[in-house]
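The following pair of complexes shares a single chain, subunit A, combined with subunit B in the former and subunit C in the latter.
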Partner chain A sequence: MAQRFLILEDGSAYPGIGFGAGATTTGEIVFNTSMLGYQEIITNQIYHNQLIVFSQPIVGSIGIAHDGYESILPTTKGVVVRDVTAISKNRQRSLSLDKFLKQHNIPGISGIDTRHLIRKLQQTGTIKGSIVDVADDHAFDQLHATVLTNQQVAQVATPRPYPNPNQGYNVVVIDFGLKHGILRQLSKRDCNVTVLPWQATAQDIINLDPDGVILSTGPGSPLDLPQSVLEMIQTIQQRMPLFAIGLGHELFALANGSEVSPLKLAHHGANHPIRKIITNEIIYAMEGQEFVVNPDSVNRDRLITTYVDLIDGSIQGLRHRDYPAFSVQFFPDGAPGPNDSVDLFDEFMEIMGTRE
Partner chain B sequence: MDNTIQKILIIGGGPTEVGHETELDAACLQVIQAFKKLGIRPLLIDNNPFSAALESVQPTNMFIQAITVENVQRIIEREQPDAILPTVGGVLAISVIQELQENGVLADNGVQTLGIPSDALMDINNPDRLNRILSEAGAPVIATETVGTLDEAVNVAAQIGYPVIVKPIAPRIDTNRILCDNEAELISAVTRGFAWSRFKQCVIEQSIVGYKEVELVSIRDVMGTQVLVAGLENIDPIGIHSGDSMVVTPTLTLSNAEYQELRDAAFAINNQFNFTGVVHTHFALHASQDRFYVTKVTPYNDRGTSLAAVATGYPIAYVAANLYLNQKITDVRLPEIYHFKQTALLEPSLDHVVVRIPIWPFEDIPNADQHLGTVMKSVGSTIGVGRSMEEAILKALRSSQFSPQDELPSMSDLSDTQIISQLIHPLSSRILVLIEALRRGYQVDELNELTKIDPFYFVKLNHILTIEEQIRQQPMDVTALQQGRYYGFGDGMIARIWHTDIDTVRALGQSNHILPTYKGIEPSAGELLHSPTSYYSTFEFENESEQISDQSVLVLGRGGNQLGPNASADYFTTEMLKQLRKSGYKTIIMNTNPNAGSLSATASDKQIIDPVQLGDIMNVIEIEHPVKIFVPGNRHYLTRELRNRHYPVSVLPPDQEKRTHLETNHAEIGLDLFVTPGHIVPILVSDLQSDQGLATTLDQITLMRAPASIDETQLNRLLAHAKEYLAEHKRTGMVQLLYTNDTTNQLQFAGIRPTRLTTIAYLNKVTGINWVRMLVRQALGEIREDLIATLPVDIHSTRRSQVRGTFPFKQLQLPDQLGLTTQEVGARISFESLPELIDEPDNK
Partner chain C sequence: MAKVVVDAMAMQRALTRITYEIIEHNKGIDGLVILGIKTRGIYLAERIANRLKQLENATVPVGELDVTKYRDDIEHDSTENDPKVTVSKIDFPITDKKVILVDDVLYTGRTIRAAMSAIMDLGRPQQINLAVLVDRGHRELPIRADFVGKNIPSSQHERIKVSVSEIDGQDSVEIIDR
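Moving on, here comes the complex of A and B:
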């Protein structure tokens, strides 16, 4: 294993040991404070264009598991850790995290003072970084010159519809960079799922005559997606039950006249208490967000705030006053993270059931 | 919050024994702090002379009595508390409160139990009832059957098929489970189990030996809000008591799905029972079959909750105390040291690894069976904190050894047959044998097969060996030193591998900027910026620990609990810290015992959780530049080495170096004194005895009783002799003069020794003067001679009191034997404040 470097936009360079692919990549640096589920995190498409810094000190300790995929083709730009362990637990004993990352051309770097990085990011806000072989001027020039795409959704979402047949409710899932946890939860509830590409129009959806629609999670900024997506949401929410998660939640808010703005620093972790306003219950859920709904912009005639993060005060859930439509910023499917809010899927089933 | 509760009776932990040490008292202290802040009057019953919690309540609220149903009942009837707290007193408290519930005392006196609802109290240590409730909560449990006779037991076991597990119902002690491979073992286990059970009943269940043991520590409030504080993973599988297993937090070999399933189960159980406060839930996981069982539910403070608190920086006992009073967790206000809002609500996220390794009593009790099994044998534990598994495990190992020179014992003498045998039937040297097996080339899969330990841990141990080899191959190599330190090797270890001295190693590190970086132990994994009080070292990029003050003192904790004087060391250390702070110093403690009260965040200004070894101490000194370094008790090697390097070291009590001067090796009368340059303060004269009567050697003296059986004339003669002796032989601090009582009833001088730590704790309780604080003030030069003269000590007092050491023989399944001072696991104290001197009944 060779020495490689993590370099940051602010000119700092951290030596570490390369693992995974030997590629040189650039992306935004985000950190995740979850203590579990490195595989789920790495395969989550929300990390497209990003380098993930893990606060969990050791990754790789349980290998790669068949039920730990949140996407089959992960597109994160890199994995930054303190320590990586080569363990394989699949039947062939042949798929370690290192090997998995090699297969997907994702570089990793270990031996990094990740706690320092996380503390530093509090000061700098989200910045770009690269995993490189040599931390010379050329590498920094490349880093500064790299313009990250804002077409993340188009790059990770399915280009074509596909079904996940079952006997229950007909659910259309709009894929903005779908994490499989959503499909798993629908599958557990016997839903007959059709996944549609993110550009699907309201008419495409209506043609399938679903019982309900889910707007999926996904990477990047909701502000970079075309107006047509918001129009689709505006039409669909009037016609059928709608449940929006993550990026879907941000789009749902935009479609209903709220503003969404970037956080100074992305938040990824599963340990913030979240208050469910209607019951005053406190739950925990995986949050992974770079954007947040601006509370002052929420049109109270149309939307009700349903969940709020008690640490940073961010809006974590919305519900439409007139339509059977609701959304959450966090990931109720866990994977990784607590199952405290998994009943939102049951609620969605109920709403579909009460529909005339 | 519940305002009807004004007065709460707390059941203390009682004397330290195998099964619990200082963690109960540490939790108790935090609970008392929280209660006081809420304006509640805490009453405390405990007969542990080493209780720091006892020092924190008013004398009128303090009941130094054995924790028995009768004593607690008497206090309830007289004091009429509004509530009783069963959650800081271990199993004994649960058992006593159960009985008081059964006999109607609680109901008759309108006393409610806090934390554990009455129904739940009857269920949690009755495996049969527990299983029923767990099933109702949807949690998977192992099928069990209750038996009341040997015949029944034999039949049930034959039906289930061996191996089976035997668990006593409502035991008086922390017994856990007994594994039986055949009928003979079953009969022995059930017989013992019946004796331990209050109902003379046992439960027989199918064995799940070899499953992975995982524990979750959670918090729940009256609204049903729950916080998962930590997951603890036992490295050793089920079959070895979790108190004797190496434990890791956070869990490292569980998938998200597995972990969340356990979390859901723990929360469901807490809801089903309606617990408030802290709950420690134990699970058994099948390694590959996606199956788990709930094995134990302990809704009270124990070694698991204290490990979780120290590892995460989450103040569990303090938060729980608020929740017992039906306060909502969102309303809990924490002490100021917790800088950010909502600390109580943040589910701790760790960016470090903590490994706990047990400490054994076998060095002092060599005739005990050292095999590990389902009955706990360790008397203490020590933790290592690091940024990698290697670092955490090496630090824990370094702290768990008795060698002061920071070296690990070699297992190279074992034959291959012995290695195999010990892999299958582990001894207390478990971890060292695992390492030795790897050294000899055993494969990870093979070892996993033999030991049922997850392969991950062998991969990590193997890596330690690789690093060690790298160090060996490259003497005085900078990279080797960097790697060694990065992965947790101590300077002492590296010096030994290189056949050089520690200063050479340190100089190499210094000149190449391989310097320690301290990292905060806090529950946000660096996400929420603030300065925690607790730190550990590693060798990375950023150091977070700055010099706390130019008027700081460093106190070297005693590390893990061991037999002998160490039992009282944590009490001594805690009291020292209090006085040092009162005297205006910023206090820094180094310690590795997760159960230590002296490590709690409020006891000192900064806590460093690193091995208390020379290299690590010097690392701290180089940042903090303390004006003084205090060593409670004595650690000769460390003290000498630190002094050689001209550090300002004070040993307390002082004059340990002068050691003992003896005319003869036995004594019957002890005279304890506090000595200053201008005064000699006689504190107590007492009879010295062994646990079984007359002590023929000094190390048999484990019982002190006052007043001594001498008359006034003899006492005056002793005092005169003491004065004369000390005029000639200069001493400072606290000393005990020893006398023998010969056949003609003539007292003969037998010698002089520094007062033992255990004795000082007793003297504090007898005189109401805190002698530890006096010693600290003396060492700081704060004592005014004129005030010494006015100390209200009455050497002629006729108040009857007694302290006697307790021994772990029964728990180690040894026949009763004459206990030595080096074998004391704890002590109990009693006073004649009641009609007669009530001693604790022996119910082990």
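Moving on, here comes the complex of A and C:
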């Protein structure tokens, strides 16, 4: 295992030990505070073009399992950890984290003082970083010169439709870079799913005559997607039940006249308490967001706020006043993370059921 | 033999969905009043009102409706089985209001017809909507619910038992074979 460096846009360099692939990569650096679920996090396409720092000090201890994939081909740019371990006796393990990262050409770096790094990132916000072999001027020049794409959705979402056949409700999932957890939850509920590319028009969806539509999670900024996506949402929400998650939630808010802006400090973790307003319950869920709906911009005549984060008060859920359309910023599918809100999928089934 | 068909989580969810549907259907909560039919309808009515208050930060009046003396299927003049007639508790005007009538089970429709008669004796609402936790079918009158928690097609030999935590110690809907 060779010495490698994590270098940041602000000029700092952290020496560490390389694992996984030996590639040199550059991306935005984000930190995740979840204590579990590194495989699901690494394979979640919301981390496209990003390097993930884990605050959990030991990563890799349960290997990689068949049921932990949130995408087929992860496009994360790097994994930054305090300690990586290959020791695992998990019965579900199929390979080690190290080998998995090698297969997907993703570099990892261990031996990093992640507490120090995360404190720094709390001050700087999201900045660029690189995993490199030598932390010289050339490496920093390269880092500064790298321009990251804002077309993340187009990079990771499916370019063509595909089915996931079953016998239950007909559900169309619009793929903005979806995590498999959404399909898994629909599968558990016997839904007959068609996944459509993110450019699908309202007419494409209506032609399939679905019982309901899900707008998936995905990477990047909702503000970088074209107006046509918002027009699709405006039409569809009047026609059939709609459930939007993550990036889908941000788009749902935009489509209904709200503003979305970048968070100063991104939420990546499973330890945010969230208040479910209607019943005043506290739930926990995995959050992975860099953008947030601006509360002052929410048109109260059109939308109801349904969930709020108790740490920073950010909006975590919305519902349309006139249509059976609702959204959550957090990930209710529990992959990884708490299952407190997994029954949002049951709620969606029941809403579809009332319209038969 | 009893079979649980709606558990506590599903009951909460059904009431949550009904609450949102009430907002959707009425374009808000202006002029809304909720009347629960005793006994369990009252608790369900209060839960819906609590949810509306959480969401809209405004109180919707809740009344209790006793329909016993309006029932056409109970012998009123028999002294042995004299039904306990209590008084409805509605301390607000209902004329020109949008009434949401709440009951636990919709079956023959006779309770709802009686409830509507009771309401009409109290005033002239702008509209009456019906919300029920369970619709089990077997209607004997032309009545349908606007908001249904769960449709449970049932046999007339079965009994549908709704429990609410306020008085029964748990939230559930069970089908019991008689």
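Just so it is clear, the second predicted complex is superposed on the first by the 347 of 356 C-alpha atoms of A that agree within 3 Å, B and C clash if a C-alpha of one lies under 4 Å from a C-alpha of the other, contacts with A are read in each partner's own complex, and residues count from 1 in each chain.
Just so it is clear, contacts are C-beta pairs under 8 Å (C-beta built on N, C-alpha and C of every residue); 3 or more make two chains touch, one makes a residue touch a chain.
As the structure is a prediction and not an experimental result, all values here were calculated from the model.
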Contacts of A:T33 with subunit B and subunit C, given as first, second, both or neither: first
Partner chain in contact with A:G269 - subunit B first, subunit C second, else both or neither: first
First, second, both or neither for A:N280, with subunit B first and subunit C second: both
Partner chain(s) touched by A:D136 [first = subunit B, second = subunit C, both, neither]: neither
In the superposition, subunit B vs subunit C on subunit A residues touched: B
Touched partner set for A:D343, first subunit B, second subunit C, both or neither: second
Partner chain(s) touched by A:I351 [first = subunit B, second = subunit C, both, neither]: second
First, second, both or neither for A:D190, with subunit B first and subunit C second: neither
Shared subunit A contacts, counted only where both subunit B and subunit C touch the same residue: 280
Subunit A residues within the subunit C interface of the complex: 277-280, 304, 306, 319, 321-324, 326, 343, 346-347, 350-351, 354
Parts of subunit A lying in touch with subunit B, wherever the complex brings them together: 14, 31, 33-37, 40, 55-58, 61-62, 65, 67-68, 82-83, 85-87, 113-116, 118-119, 122, 269-273, 280-282, 284, 310-311, 334-339
Complex contacts: residues of subunit B adjacent to subunit A: 223-225, 227-228, 250-257, 259-260, 263-264, 329-330, 341-342, 345-353, 387-389, 455-456, 459-460, 517, 519, 523-529, 540-542
Residues of subunit C touching subunit A in the complex: 9-10, 12-14, 16-17, 19-21, 23-24, 27-28, 51, 54-56, 148
